[in-house]
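Paired with subunit B in one complex and with subunit C in the other, subunit A is shared by the two complexes that follow.
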Partner chain A sequence: MPESSVIHDIGYQRYTGPRLGRGAVFGAIYVHGLRAAYGFGRSAKAKIFPWLVFGIVALVAVILAAVRAQLGTLPLNYIQFADAMSWLIIFFVAIVAPELVSRDLRSGVLPLYFSRPLRAADYIGAKVAAMVTAVWILLAGPQFIIFLGGAFTTKTGMSGVWNEIEDLLPAWGYSLIWALLFTGIGLLIASLTGKRAFAAGGIVAVFLMTTPVFGVLSILPSSTAQDLAGLASPMTLVSGVGQWLISGANTGMRIGEFGPVYAIEVVTLIATCLLLLLARYRRVASL
Partner chain B sequence: MSTVAWITARGLFGRRRVLLLLPLPLLLVGLAVLCRSYDVNPADWGAPVLVGLGLAVVLPVISLIVGTGVLGSEVDDGTIVHILTKPLPRRDIILAKLGIAIGVSAVTAAVPLFVAGALADSARLGLGLAVAAVVGACAYSAFFLLLSLLTRRPVLLGLVYILVWEGLLGRFVSGTRVLSIEQYVITIADKIAPTAILEAKVSLTVSVVMAVIFVLGCTLAAVDRLRSFSMAGETS
Partner chain C sequence: MSLIVTQGLTKTYGTQVTALHDLTVAVEPGIIGLVGANGAGKSTFIKIMLGLIAPTGGQVRVFDIDPTVDPDRVRAKVGYMPEHDALPPDVSAAEFVTHLGRISGLPRTAARERASEALRHVGLYEERYRQIGGYSTGMKQRVKLAQALVHDPDLLLLDEPTNGLDPAGRDAMLALIQRIGNEFGISVVVCSHLLGEVERICDSLVAIEGGRLLRADRISAMTEASEVLAVEVSEGTDELAAALEALELPVTRDGRLLLVPLTQEATYDHVLRVVADLDLPLHRLDQRRHRVAELFATRETADA
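The block that comes next holds the complex of A and B.
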């Protein structure tokens, strides 16, 4: 006859502290993504590439500020500065986007994420917000350096500083358009593969292959085709929107009367990329 | 065909992944056809399409993705251990992988360049571009294969080479052109079919000799590197 069975108390304890909800998870992913974008909390190797890009952009800004302090004229205005950095922004997106989404896919941690009170939209939202912030900082920080250079060397006192601020604020908005569009496209491509190497190559290929399309369309023998050529490439698309919205942008883009078309395409493109991202993460089981 | 080559080819092409290689060449041919059908002067569209897209983007980017993919993805997955533990000379492993990489990138880049060149000027220009693209594919593939053994982030380093070294410095600093594969490719194509579209900036001897040095040097270095290859865990 076996003895009557006993349930031993082996000391499992219940968690009685506060439970944080979706907002906290969102915030945690956002902060983690922003830190990961610049390699904080990672090894020194992970910091090389993002800080290389940031260093080059900041260096160009310092040189521009110094040239203006000496000569009194700015070789590139704030808008043209963002356009001139387009290749570095592409490279930065190719570094950061795979870092944010491809790693999670590869290490198979998504089921763990979604076992929390977290929806697909929260996950995507936090990643997009983190990357938009990272790309925006890449442009807005150096633009602020140029602003400081201008503000401290102005000859006309407070009104000079105020003029600078009036130039800087639209430029920050313009940088936000860059950040939104490039984040949308970059994250969408990176979310298709778990291999960071392929994701980086794919992002650069997609951005670079659009530039010659613009080059060809802009020499077609039709005025309308030339005005609409900028729609073909994300870089010229943003320039076109800047040309239309910001007076004195002088991006050199020919947009004719089609400014609204450019704006509509930017909005549609960003929205489409985000919706496709959401659709991509709709079924976690298939990832 | 050795088994290593067979496995590599299946890793590249398997599960419809080969379709990912198609858009870039199709875009190149599509743009050439578009310009041709609108009767745009080839002197105007030749440079942006053939050089700007074909030689500066399609050839290096495809070579980069394929060249780092043949060995780099096995290093990433850790499956390279299975190949290294087989009684095969390391030289044979590198040669098999390099052969596949060169073959795939050469075909993917040379065929559309031939078509676009023939549409732009003549079959002679197309042939020149195709031959140059094959030479370029050899040099790029060997270089990127070596990169995937030297570093854990071969694609980013390769992008720095393509975007910064060839793209930015190659255009403004003339001294770096001697070490730029893109310039060798342009020179070789220009010497085979002299046209106004391509503009050679280094001499033919330099480009041929340097291309051979790139291929042999990188292959030997890769074999040597694989001899003493140590597996590292996933780094951040």
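The block that comes next holds the complex of A and C.
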């Protein structure tokens, strides 16, 4: 025993204070996960990538806001902005998802979690919520920068600000769909391996592989095939839903009359990912 | 009230593997050794007590709570130290133990205070802000112990706590466990495949082999005096044996020792008189004690 053990004589004290329930524990994992996503409470190295991505997205937003202040027109609307950032979101997901789940798998801490009053659903639910929030902030924060730029330079007073808000709120909802779908897919892949590099590579690979499928389908001669091509890739899938739900989204996606199909697929895909994650952690929780 | 009670506890995996077979045992608070070879079913037993896996048959109660029905209430009172590596390398021990304190339901400040306390008790106060990745094996074992203590449990389940430690580290860890059991008022179940070390610190012992209960009792009962007298003389062992046999005492030889069953009060006197008559140099004459290791006599020779 090291020398420090000689100052052991302050005896052991029992804890008599409050013990919080599962809700508070969920909150603790959620906050811990959200902080970890942006590298807080981690080494400087862990902060580089998330903040690099966030910095680029924010910079684009600032440039867009500046361009509008000068020219009066927005080169990309809120929805197009989110779509244009899709590859950055994928990189962000590929960094954050392994940070949130692969890390715990690799270090073997899960038995320490699951020997406490906590269920598999609490653990993975808090992780999903943390990551959805992190991805949403990545989009919604810069969207808010664009909004501020528009609101402060509007020439039509309060009604101009109100118009901006009416554009911003659906866009925030749209960003939430991005966040939910990409979190579901990202965490599911990351939960399969303890090796961060494999998890990150796997996530990028999945998104990378679906893009050419969309490319091929979208140049087929059949117009129905072209309308449905967006279903093949997560990115175009979300764009399709935006196109259907939000008037004036102008995502450039051809969805024809198949808007509901896109919506159903998004919901099913998100639900499937979350259920598979839960099933996976039910197994892991029994050690 | 008994700490842990099981009734016919059975766990099978598929049809082939029986991890626990009809285990019926009642354990009183204190330091309890759970000994058995690797694969004897110790870890399975612990996981059932934590409500992590459900038994195939039988009942189990910890603090009179059924962990299969109400695992959260059991887990709130139990601290678990797993056998394998369970620590992230890139955070400090203070941060890590605080986080797990919060997972146990402690409020933020309480978790931080208790984490410092727990780390102080395991002897890692000075080093607690260093990253765990730079710790020695012994220090990592202490962090694992600290995280099991952070929420002030009433029972610690320690799975092979001395794994991978050098002899000095082993002694320190065992001393720490003994302190926790005796001074902190926390019951401890220590799992080990090393009988010798558990025997040193435990009040009672549960020995299992191949998922079956070998014996469960207090250490004092296991080592109590037996009804055999051991005699050792420096020379003339053969003469002594012959003389005792002449008195119709059934003598058996165990190396340099002669063992004489203590059937009546007079046996002592008979033996003494014979030794005196033959004028042999008497080395020892005592009542033999049972050794805990006799439980595993067959297995230990097989291992050696």
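We adopt the following convention: the second predicted complex is superposed on the first by the 270 of 287 C-alpha atoms of A that agree within 3 Å, B and C clash if a C-alpha of one lies under 4 Å from a C-alpha of the other, contacts with A are read in each partner's own complex, and residues count from 1 in each chain.
Here, a residue touches a chain if its C-beta (ideal position, glycine included) is under 8 Å from a C-beta of that chain, and two chains touch if they have at least 3 such contacts.
These numbers were taken from a predicted model, which means no experiment stands behind them.
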Task: Touching partner for A:Ala197 - first (subunit B), second (subunit C), both, neither - done: first
Open item on the list: Contacts for A:Arg283 in the overlay, against subunit B (first) and subunit C (second): which applies, first, second, both or neither?
Closed with: neither
Open item on the list: For A:Lys155, using the defined touch cut-off, is the partner it touches subunit B, subunit C, both, or neither? Pick first, second, both or neither.
Closed with: neither
TODO: Look at A:Ala28 in the shared chain and tell me whether it touches subunit B only, subunit C only, both, or neither; answer first, second, both or neither.
DONE: second
TODO: Identify the partner contact of A:Arg42: answer first if only subunit B is touched, second if only subunit C is, both if each is, neither if none is.
DONE: both
TODO: Please work out whether A:Pro212 is in contact with subunit B alone, subunit C alone, both, or neither, and reply first, second, both or neither.
DONE: first
Task: Per-residue touch tally on subunit A - higher for subunit B or for subunit C - done: C
Open item on the list: Going by the contact rule set out at the top, does A:Pro18 touch subunit B (first), subunit C (second), both, or neither?
Closed with: second
- [ ] Could you tell me which stretches of subunit A are touched by subunit B in one complex and by subunit C in the other?
- [x] 42-43, 46
Task: Of subunit A, residues touching subunit C in the complex - done: 1-2, 4-5, 7-8, 10-15, 17-22, 24-25, 28-29, 32, 41-43, 46, 103-104, 107-109, 111-118, 285-287
- [ ] Name, in rising order, each residue of subunit B that touches subunit A in their complex.
- [x] 20, 23-24, 27, 31, 34-35, 38-40, 44-45, 48-49, 52-53, 57-58, 61, 64-65, 68-69, 72-73, 76, 152-156, 159-160, 163, 167-168, 235-236
Task: Interface residues, subunit A side, partner subunit B - complex - done: 42-43, 45-46, 49, 87, 90-91, 94-95, 195-198, 200-202, 204-205, 208-209, 211-213, 215-216, 219-221
TODO: Going by the contact rule at the top, pick out the subunit C residues touching subunit A in the complex.
DONE: 47, 50, 52-53, 71-73, 75-76, 78, 80, 82, 84-91, 95, 99-100, 102-107, 110, 114, 117, 120-121, 123-127, 147, 151-152, 172, 175-176, 180, 183-185
